[in-house]
Amino acid sequence: MTTPLTVPVARTIVLNALHQVVPDEDLTVLGDDRPFRSELELDSLDFLSFVENLSAATGIRIDESDYDAVTSVASCVSFLTARGAAL
Amino acid sequence: MAEFTMPSLGADMDEGTLLEWLVAPGDAVHKGDVVAVVDTAKAAVEVETFADGVVEALLVQPGTTVPVGTPLASIGVGPVAPAAAAKPAKPAKPAKPAKSARPARPAKPRRAAEPVKPAARGATAQPPVHPPAPVVRRVARDLGVDLATLTGSGPGGEITRDDVVHAADQHPAPAARTTPAPPAPAPREGMRVSPYARRLATELGVDLAAVPLPADGVVRAADVRAAASGPAPTAAPLVAASAAPDAEDRRQRMRSAIATVMSHSKREIPHYYLTSTVNLGAALDWMHERNRDLPVTARLVPAALMLKATALAATEVPDVNGFWVDDRFQPATDVHVGMAISLRGGGLLAPAVHDTARLSLDAVMAAMRDLVVRARSGRLRDTELREPTLTVTNLGEQGVESVLGVIYPPQVALVGFGTVVERPWAIGGLLGVRPVTTLTLSADHRATDGFTGSRFLAAIDRHLQHPEAL
Amino acid sequence: MSATIETTYREALREAIREAMTQDDRVFLMGEDVGAYGGCFAVSLGLLEEFGPERIRDTPLSELAFVGAGIGAAIGGMRPIVEIMTVNFSLLALDQIVNTAGSLLHMSGGQFNVPLVIRMTTGAGRQLAAQHSHSLEGWYAHIPGIRIVAPATIEDVRGMLATALADPDPVLVFEHGSLYNAKGTLAEDAGPVDIDHAAVRRPGDDVTLVTYGGMLPTTIAAADLLAADGISAEVVDLRTLRPLDDATILASVRRTHRAVVVDEGWRSGSLSAEISARITEQALYDLDGPVERVCTAEVPMPYARHLEQAALPQPETVAAAARRLVRGSDG
């Protein structure tokens, strides 16, 4: 990736990654700093799919040890922008 | 004055169609507000303005297709009243970013722009209170409660699930809402429907137009059944459009199907329950170690280990693996572990991971992921739903410590895994902290006795202590 | 449960003939090489020595003549079993079978019935080429006035002859050549079986495979393939090809909602076409897909083994047809 991820782009990617996992949920009402695993009742397989989507959309590797950093939209955005900048 | 132009929403986009204006001349707009909806070749996308100001003129009518860069509206730049809501600062960006400045994967952000719609539109006007959580909205939808009429009791005035349930108790939803008329079977034009599927659709009250078209274009009985029992298969994009009556109806039908089976189970099956605490230290260490070098797609989750361990244990204790039919236990020749999958919008399915005991862990994992996707999109095969010889529920993933489940007849056992928690654990006279889970068994006392059940749980535990052999 | 014996299709058939001849002295067997040679397929081996040349009669190579003689004997009060070497040669006797045996009761105003049993070998699979390998039983099933049976199991071949002999009208028994060596167990006291009903040879839920005669083993093998694939196939053995037991076929199809007809005959104008028509006539609204047919390639049966096998329905082709119905694709 030649350009660092901007916050709005990262946010869009995060929402999109969530949307692919829970296409029926209304994500517009999901607060940015809410823990979406519980809010959206994601199970471990859902969460894995989410991580996979996120990783595929950004090219950023997300390890199991990073899982604690990707719990809310806001934390995901921070994680992605930080990692994106480091690339 | 600033120009609001047709944006480039991807390297391959050279023109777009204006679908809808979300502002009118005279409206004050702020950087980041969504002002229009634009249709690209792939999706409808909400478009933000990058300028503060007042909309002076709309230059393009909805329905018009124009090249990228064409001015769509003019915005008069000037002092505007500060926005009511504090918006997160957006990084400065040129009004029309050069193509090379876009992120590498334009297609995804474009589709994802959809969810921004109401939030961005409402953001300028609404107080900074959290909107109700999605689950709360769903409960409200199910119970027919208008969230706008509620005062939240949660932190910051947030509306909680209890608030909704309470409100529903006070003011029961009108009957018309809870008993929607059965939809008439009306196939789409050109849709090919087998005669039996057509008949079934009438009997089950399934609207054929809402049945997703299979790859070969023929709707069969299984597709109708899936539509009758599954969740809304054609994902209504984002906004809570799944409150449509047929989704409501489907939920009702699934609820009553579960009601029938579970009542039957509790009426007929003399359940007994066993509980055991299992140290998952070895299993999780092994799994994390293994996952570390793998791409996300190849990683395992603990549930895969639990499923496989249960399947292997069932081959050792075959009395829990099979069916109670005609007043006797009929053991199954193979182990097909059913995996309880909760559906969004309510309900539950437990399709089988075929021949679980003989699959590699990777194959179990792949099968689980495949089943979850298809269960939620209503694309399970009926054989997969009939096949399970034993069921595992992982309700612990939602945080409960143990689950004492109801057996799915004619099966004779159900294994539950509680949430994984760190607990003090004594090993060799020393105390350590280990991740543990509460393993439970609900079993049919007609088929087995507690002794057999405890052998089964012990076997699951033993297999989980040797994850490398799973 | 009575004791069982290990036997073969051929021996069970011979035992059925022996029993019929022992119990009723009106019964006799005639046909080409049935006596001294013991039958072209060795079915009547040893019967000449046991019953003598009066009751085990070798005939000239003239199907028209000896089937006609059999009809005459039947009208005259005997209970003949006429053996025709293969169904291909039975065409030489079509006039006697269709125009006389099948019609006489009607044409005589009910005065003459023809209690005749004609046995013949049918089917391919043994490299006997186009002279000996065709499956023309579907043609005979077109004719009113005769009953057509196709024993596919040892029990049926043991039990159908007696019931056929007891029938006051002509019965044609089609024995598939590839079945004669089939081994199996049989109750020691096995006796007559009905020739009115089809039988469910294997219960299943997802698809009904309708077949008969020599295609039963092929179809069972297909059901095994499908079971390994998670598809539960019900196998219906027609047993009697005329009159067809619609009730059994339809009951199964109404349950599984899918039907595959497996017929070694050629597809065009075949028994499989008749069955398919009956299913759609009577159970259209229970069908979850079109009736599939798996039949022999429409060529005279090739001699070369690989070509013969390619022409015949195989378990894989039957299973593929079933998968198409159940899953929408044959993979």
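Note that the chains take the letters A, B and C in the order they are written out, and that residue 1 is the start of every chain.
Following the convention adopted for this analysis, a contact is a pair of C-beta atoms (placed from the backbone, for glycine too) under 8 Å apart; a residue touches a chain by one contact, two chains touch by 3 or more.
Being a predicted model, the structure only gives us computed values, none of them experimental.
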**Asked** Most C-beta contact pairs, which chains?
**Response** A-B
**Asked** From chain C, which chain is the farthest off, judged by mean CA positions?
**Response** A
**Prompt:** From the C-alpha centre of chain B to that of chain C, how far is it in Å?
**Reply:** 56
**Request:** Between chain A and chain C, tell me the centre distance in angstrom, where each centre is the average of that chain's C-alpha atoms.
**Result:** 67
**Fill in**
Cα centroid separation, chain A vs chain B, in Å, comes to 16
**Prompt:** Quick one: in the complex, what on chain B touches chain A?
**Reply:** 88, 90-91, 93, 101-105, 108-109, 111-119, 130-135, 137-138, 231-232, 235-240, 242, 288, 291-292, 295-297, 299, 301-303, 342, 344-345, 368-369, 372-373, 394, 397-399
**Message:** Under the stated contact criterion, what part of chain C meets chain B in this complex?
**Reply:** 206, 230-232, 257, 284-289, 327-329
**chain B-touching residues of chain A, taken from the complex the two chains share** = 1-3, 5-9, 12-13, 15-17, 19, 22-31, 34, 38-41, 43-46, 48-49, 51-52, 55, 57-59, 61-64
**Request:** Report the residues of chain B in contact with chain C in the complex, numbered from low to high.
**Result:** 194-199, 214-216, 218, 220-222, 354, 381, 383-384, 387
